[in-house]
Structures are given as structure tokens and as C-alpha cells.
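Should a chain be cited, it is by its letter among A, B, C and D, assigned in written order, with residues numbered from 1 in that chain.
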């Protein structure tokens, strides 16, 4: 699925990828030339359990339109258990954000293995499409931090 | 509206939802086909003809009327190509060009008899109605 | 009851069991007793225990544990959950603490009394289901239930989780009013995202970042809060705009998730009347739904939900799926 | 203040064709702290690295950012270059503008814009980098090989020959694996057992090799250089130290109805059994599910006839705990289940068999003593049909998407052997493509056609039906474009292979990654084909992907070399990107300790000086030798006392800020 480009809205999307599975999956998507929109920028973290809710909120505060966290499939964590903790943390955090009225589609967790370049690309395409449908994030941006 | 053969091939792909590029030319569709010997253009060739934009031959082919729509080819295809859908799409194009239904539900009771398999009826509707 | 507590405190001071008492002291107004140390029998003359003694003294025991000698602390049933949780987190010293579990009839919300039109409050007394309020304008009355703090209308029980002795209470006592503590959370969940956003925008934009919620919270026991430090570049922002308060309150609620006993102190002390407990209760409700019933402070050794997992835990996508229903 | 240099790689046209590198240089140069920015065709080349080293020296750089390919490719290269120029190797950050940018975007404007942002994020991060010092950890000079097939045996032999201790853990009662089930091997037609058994014997006799058969890996902890593994030795019910391997017990065992695993269920075996004659060890096991003694309490014949007194009905599973420096996975494969392929009548007709079953039928030690016969009536067939690609190259859920690689060649082998031994038998092979890349492979296939007269027909078979005692094969000849309906006596299905189903459990224990087909993932598809991305875990044989015997043996040797390279080290340099606790901020709450998978965090009571206040506090202490740097603790810590070096809170936030700017 390819996302249609619109002139007016270029979403800012932060993708946290664990070093061992998802970052490698993204590399594989790259070497397989499986495209996804340039709006997605990847931050490498050692494990999905390294992602502090603070990082996600900060991204929103700075004007991110969507944040996605990718890690190894449950059971396949390089550090054995990291993604299990990440799964609980993110479930609760996303539920809280939803409770506060932040559209749920702006946050996502996806498990992508090092062999799943196709899934990585497909996930990013879907996620960007979702963000396009939600439009610009106006609810969470801290206007003081906005720079033009 | 006049379409080029290439446009017609695209239309067949669109109607059928078949991606002809997925075919690895193993021939299992033809090998599975109970109407193979009746056909002038065989199921595996349908895939290839559409892929190559050779639609005119398909439209004139008698195979589209010989296909039983039993879907054995569709079930057994290792690549999930669905040749039966292609044949059906070609048939549909022909029927649409003709502009009229050849089978009306009102005529059906008269045609029915005890021996007739249900599948034949379903297949007839697929073939002779728009 | 107040007299019995003072008497017992004096005995424990006298026989050297403790060197100080942590309790509530008469405030400058009739309805605001404050937590205080009493270091001698004489000082205990200002000791007070009535319906306005809502303050949860558990957190003060962190400091008390660092002082010389043992401390006597009075804990209401729900305060003991906080104390237990602090034991689990190695923040208080059980061996340096003498706990008297005090009976509790429910604590009062002065804002509700004021809203009922009662002003100039001097003292209170309870007769049956009625609260009698002595004011400078004479005696006034209102139903006791109508004056309770929200948290006491959903009492989590009158059983002390940890104590050395009980006064005015016994084991297995029946809980106070037990309403559905998640009623408001459910109501919010049923709203559209837009409505929810508007609700919280309205509530949280009143926040003045006085940090009272943080300072009173027994789970917020960090030596230095991340919002005062530079590790996250988040120190002491002012409430100039939309997201800073949300960020503070989300993170605060997240940090206490699975550790919060739902003591309700945050909402009680908020000078702006923000229902902060609704954030904590959302986490509690989700934890109960996703990972099984869990009450922080019920024990001192279980793993908290966020430092635990099962292989079959729900996926974060559950939030969206639930939303579509 | 940091002095940062930014180096933008063209990667030939890989990056430069889609990203305007000059603009990236220009934009990077404007970032705070950046004092040097340049681009070069190949930053990873010696000349490119020289540019980095020179710039570090000339401009007194304190940190560098290389905008290039994935850090998984060249992070180490650039760290070493930095170190050679005298700055700490951890003062290097990579902006991945190839895999994550130029290769996936087509629009130059868009890609350039993104590359600039990625560069900014890396610059923002490196500004906050601090020099890190790597520590060291020990290397246990012993390796574990999981799986005792040809891959495992070869790996173990090569490691042992290099002078290191190796343990093999094999699930079944004997080593040997799939290769022991094969009759002949392509393209030379040597007898499989003749070339395998000497290796089995050599492994068993090797003083450095210890073999645990009928055993499974139960638990793995630790990390590269120092794994701790629990091995479950399943109760054999036979004392290995007493058994002489005389075989009387098997002969006398009254329960003989258990299907023989070794013969793929084509015949039966006794309840006390060795899988095959050349089994190593030559010590039987009692299959308790089929043993009358275990089922009813009565019998005990084997104990009575055993002269050595080796039968031990009371034996229990035993757990052995061992330490290893490296672990090799060699768990091999099985054929897929065919219950979804009704059209080939495999489940209904005994004369439709898999190729592996045919191997057993052709083998002199097999169920028919090597006589080619139908399993239904034991008559010799007059004609045989081979069907290729059954379950391989399938897009549907019934089969596997990949080519199983070995089927074309073993089918040619079977066809040839049958035509050689039974010239009267007509042999027809239905194929989709014949794939013969390998030394002497195509020549072999052509011999089958030209010398042995095997009839190859292009076209997949649609249906196999039972007609009386015959099989009716319905297909097409795609070249002649004609229907084929032929009666035959036997049909052999070239069934797709899949990784041993146990491998998923093992991969989870090892935290080794696995793909959607359950093949273990290699660290790099081309350059590190025998290493798992998890350090210290190596791959041997089909567990990594379909392979024939020569490839398996070659890979087994390669895995052994990698293991030996690891075990030869005195110590390992550890990753310095580990957690670190700020004792002034630590509350002593133990949250971090609870989520640490390595037990690397402990608590100590110690006096701290908090801005003049001296007091005893309970604070977290990270053992940097045990910590692997996952960062779970950093999020569990509410006060932010716990941070991860190299991926600190502030570094990640700086990246977030740079991206959202």
C-alpha cells in the first residue's frame, strides 16, 4: 500500500526500533528496497524496554504526529524479557493517552523481526496512512516548543 | 468505448483480482482441470495470455464456455493465482459486450430435472448472466 | 477516642518504646489539622484525631526512619496500604516504627461542607448518620455521607494491613460505603476522544504546578523527582501552555502505576480541586482488567504489575480494539 | 563544548543517487558544535577513514558523525578509525542514510530532507556522548553443539580437533541425524552410512567430545563466553555404564508394535530399542509409552535376559548443568506434514510415499531390506512417478514459500538408482523447474535423462487417484500442451523440508532470532552466514536454511572455526553501553533489580554525600560485567537514577527533539 502524498500535511513520525530485531528489519526493508514514506524517522534503541514513556510524550510535545515502537516478537527478545516489560508499559501508557483523549491511532507497537523487512515496510506504510487520516497532532503539542 | 488489448488485460486483472505475475508456470491448474481436453486455450495459458496482453484470443476462445467453474485450479494452485477467476472475468467481459442475459431465473424451473447437479446451475448463472 | 490515643502515646513515650509520636496536630482553623511530631507528653496536648484527619502519615515515616530512636505512628486502615507499599520499596523502616492502627469512620471533605453553605467551622461531631458542625454562627447539621471525601465513599476496607496494636478498630471490621470506585473512569471511557480531551484539558489546565499532589503522595517518594532533575530535561516548567501539565501528570501517574494504593491524597490536597485520582484509578482499572486484580500495599513482597509480566499478556493494540467496540 | 566532525558518505551511487550529499554537508555544518563537515565517495574505504583521522587531528574533533550505511554494517569500522586518531571509539555516531533513507525513497528532495534530519539527530546525540571504556569478561573454553546430525558431528569434530572441549546434545537415542536415514548420496552415489558412520565413531571416541544422547537442552542463561546450560538427560531405563550392546533385550522384548521412527513408520520396532544397527551409543532405550512393564507393571523380560544387569526401570531424568563459551545450533530438519495435500492421496494410499520413505525402502537395513516394493502388497512396481515441489514454493498456507533445494537432486538420484537396479521400471518425473546449481549437479541430472532414460515432464501433477490397485496420475505436459493421464504403481512425493519444530523453543532459550519459516536468522546474509545476531550463538546446517550434505559440512566447519576463534580468546571485551546508577538519585526501591534479566543489579547500604548531607542509603549497584545493556531498569526507575550509557535519556531525547524540530 502506498500513501498518497498531500502537499499540505507532512506528518512527523518517530519510530523507536530495537537494535536486534526491528532496526535490522528496517535495514532489510532498505536493502530490499521496500519503500515507506520519508516521514518515518527511526531512533535506534538497544531494546524496546529502553523506551521510556517520557520519550514518547516528549515526541508528542515537540509536535510528532505519531509514535511507533518496534521490538522483537514476544519470546524472541535479545535480552529474553525486555519486550514483555515494554508490552505492559506501552499497553498502560497508550490506554492512558487514549483516556486523555489522544487519538489511539497515533501510538502503536509492532513486533518486527530481523527477517521481516516486508512487514516493517508494510507496517510503516499503514501507520503513516493512519496518521494521514488523523491529520495533524494539535492536541498534544506544547506550543512554546514549536519552532518554525 | 473501445479498449486496447492491454487495457482489456488490465480490466480482466481488475475484475478477477488476480495478479498474473505470481504464476510460476507449474501447470498444476491445467493438471487439475477436468475440462482440459475440451479447451482450446488451457487454464495455465489463460494466466500467461492475460500477462502478455493477448486478450483477443481469449475472448474468442471456447474455453471460457467449457470451464466448469469447479475451482479445482484455484484450490490447488501453489501460488494462489486463481486461474478460474481469470476465466470468469474473460467470460464476464464477453457477456457484457453482448449486452443481454442468456439465462433468466424464470426459465430455470423448466430446465431443472432430478439428475442435474446443483453446481451446474450455479455455473450456468456464472456464465450466462451479467 | 482522641483521649485514648493520647493516653496510649504517653505510655509508649514513658516506657521508652518510642521517642516520638507522629500524629495530627490542631491546625489554625477547625478543619485543617496537620501532621506533626510530638516529642514529649506535654506536646501531645495539641494532638487531634477527628474526621478532618485525612492526612496519610505513612510518607512522613520515610523521614522518621532516618531519625534516632523509634517512632509511634497512627495509621488509618487505608493508610496502612501505603505503609506496606513503602516497606516493599525499602523506603521505611518497619523495625523503627510502632504502628497504632486507628479506627476510622470516614474522613471529611471540607469543600463539600462549605458547598453545603456551612461557613466559619470550629469543630465537628458525629451523631448517627448526621454530622454536627459547630460554627461561629452556631450549630449546623448535614448528613454524614454528604460530607465524606470521595475516597471514603468507595472505602477499600477497615482492615489494617500492618500494625502493632489497634485502637478503636478490630480485625475484620466491615468496610464503609463501598461504591463503584471506577464509576467516573467508566463514564470518561464512554466519552468520545474529543470529549475526553476537553474534560482533561479543562481539569489539567487549572494546574498551577504547586506540586502538592507529588509532595503528599506516599508513592512519590523519590529523593529527587525527575521533574526537578535534568536527566530528562524536564525540570520545573511553568504552566504556560497545553501539554506541560499533561506530561507531568501522565508521567506522575505512570511512575506510581502499580504502586499507587488509591489513597486519594493527591485529590484531597489539590488546591485547584483537580480529580487527580481519576488518572491513578485508570491505571488501577487497566491493571486489574489486563493483568488481574491487584491492590498495591496488600503485601510487602509481590511483584508490582509493571515489574512483572506473563507470556500471554495482552498486546498494546488492545487499547484500539476496545475503543472500536 | 564538543567539536564535532560530520562525514557524509556517497556509497558510490547507493546514497548519492538519491540524497544530495552536498546539501547534507551544508546543513550539518550549520548545526551547533559542528566544526567540520565533508563528503566522500566511500567513507569506509581506507582513504575515507584517512579523511576522518586527518580531520580529527587537524580540527581537534571530540566527536564524529558518519552519515552512511547502517551502524550494523560499519559502526565498528568508524569506531576503530576514531580510536586510531586518538579519540574514544564511543564518540562516534552513525546516521543511517542508506538503508533507512536512500534505498527506500525515490524522490531526491524528500530523501535529502530526511537525510539532513537523520544527520541532525546523530549530531544532537553525539554532542551528549561521553567516552566509554570497555571491560572484559571470561571465556569458558568449552562449546555446546545442539543436535547430533552430520552438521553437529562435523562442527564438534572440528572444534575438538582444534583442542577444545565440546559437548553434543542429541534428542534421540543416537547421533547420526537425517543423514543416517539416507541410502545413497548425490551426486557421487556414495552410501550414506559408509561415509557417516566413521564420523560418528570418531566423534564418540574423541577425547575432547562428550555426547549426551536422549537429552535435551532445558535452560540457557548467561551470555557470550559464559553460558550456563541445563541439559535434561532423559531416563533411558538402561544403565549406559553396564550395557554391552548385545541386543538380546531387543530380540526378546514382547512389545514390538511401536512404529519405527527411524524407518519413518514403515515398520515397527520393539519397546526397548536402538534406532538402527550402527547407533552411537549402542545402548538401547526403553520407550516407556510402549513398554508393557511401564504400562502394566508386568513383564520385565529385558531385565531378565540382560546378562549385564543394565536394565533400570527406576531411572529418572537427570539435569546436568554445564558452562560453555559458545553454543552451536545444529537442529536440522524434518519433512512437512502432508495431511493438507488430499489431491496426492498420501494419507489414503500406502503406495504414495515421501522421498525420505523411499530412502528407507531402498536401504538394505530398511523395512523391505532394500527391495523396491509397494507398501500395500509388497509387489515390485513396474512404473513409478515422482512429483517435485510438493509443499515447496507455495504461496498458500499448506506449504512453504521457499525452495527446499535438495529435492531436484535427490529425485534425480532416486530415478537413476531405480533405473540402474530395476531397468524394467518406467520412471517419470513431473517437475516445475529442475534446479541443479552445484558442482557436477547438472551433469548428474542429465545422466538420469540421457543415460538412464528417466522421463522428465514439465508440469505439476494435479491429482493422484487410487484406481483398483493402481494409481492414476493426472497432469499435463506443458511443453506439448497435452493432458497426461497415466497409471502407475508408486508415487513418490518430493516433500518440502522444514526446520525441526523444536528449534523455536531452542531459539527462544538462546534469544537467537528466527524467521517466519522457523529458520534461524544469520547475523549477515552474506558476510556472517554462520553466526546468529546473538553473540556466542552459531548456526550449522539446515537450521539456518535448506542445504545439501556438502554445504552442511562446509557450514559446520565454518561454524566450528568461528567457535574456535571465540574460544581461543583469553577474555572478551564487553559492551560498555551498560546501565549506570546515580547513587544520589537512587531511592533504593528495587524496581530495577526486579526487571533485570541478568541479575546484574544488587543493592548496598552505603554512606553517600548528598550535597553535604552524609547519610547511609540503600542504593543500586550495577555489575557492568553482567549487564548487557537492555535498558529495562532505566524505565523501571521512577527517579531517573538509572541511565544507560551510550543510549542515555538525554541522548535519546536529543534525537527525538532533532527529529521533531
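Just so it is clear, a contact is a pair of C-beta atoms (placed from the backbone, for glycine too) under 8 Å apart; a residue touches a chain by one contact, two chains touch by 3 or more.
No experiment lies behind these values; they were computed from the predicted model shown.
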Computed distance of Cα centres, subunit D from subunit C, in Å: 54
Distance from the mean Cα position of subunit B to that of subunit A, given in whole angstrom: 44
Approximate Å spacing (C-alpha centroids) for the pair subunit A, subunit C: 36
Subunit A: positions in contact with at least two other chains: 52-54, 58, 75, 81, 85, 89
Where subunit D touches two or more other chains, by residue: 595, 636, 649, 653
Subunit C residues counted as touching two or more neighbouring chains: 226, 232, 306-308
Graph class of chain-chain contacts, one of line, ring, star, complete, other: other
Interchain contacts, given as pairs of chains that touch: A-C, A-D, B-D, C-D
Sites on subunit A touched by subunit C in the complex: 52-54, 57-58, 60-61, 74-75, 81, 84-85, 87-105, 107-109, 139-144
Subunit A-facing residues of subunit D, complex: 70-72, 96, 98-101, 103-107, 110-111, 113-114, 117-118, 121, 507-508, 511, 513-516, 521, 533-534, 577, 595, 597, 628-632, 634-636, 644, 647, 649, 652-653, 655-657, 659-661
Sites on subunit D touched by subunit C in the complex: 584-591, 594-595, 603, 610, 615, 618, 636, 638-640, 643, 649-650, 653
Contact footprint of subunit D on subunit C as seen in their complex: 66, 89-91, 221-226, 229-233, 255-256, 303-304, 306-308
In the complex with subunit D, residue positions of subunit B that touch it: 22, 24-33, 36-37, 42, 44-45, 72, 76-80
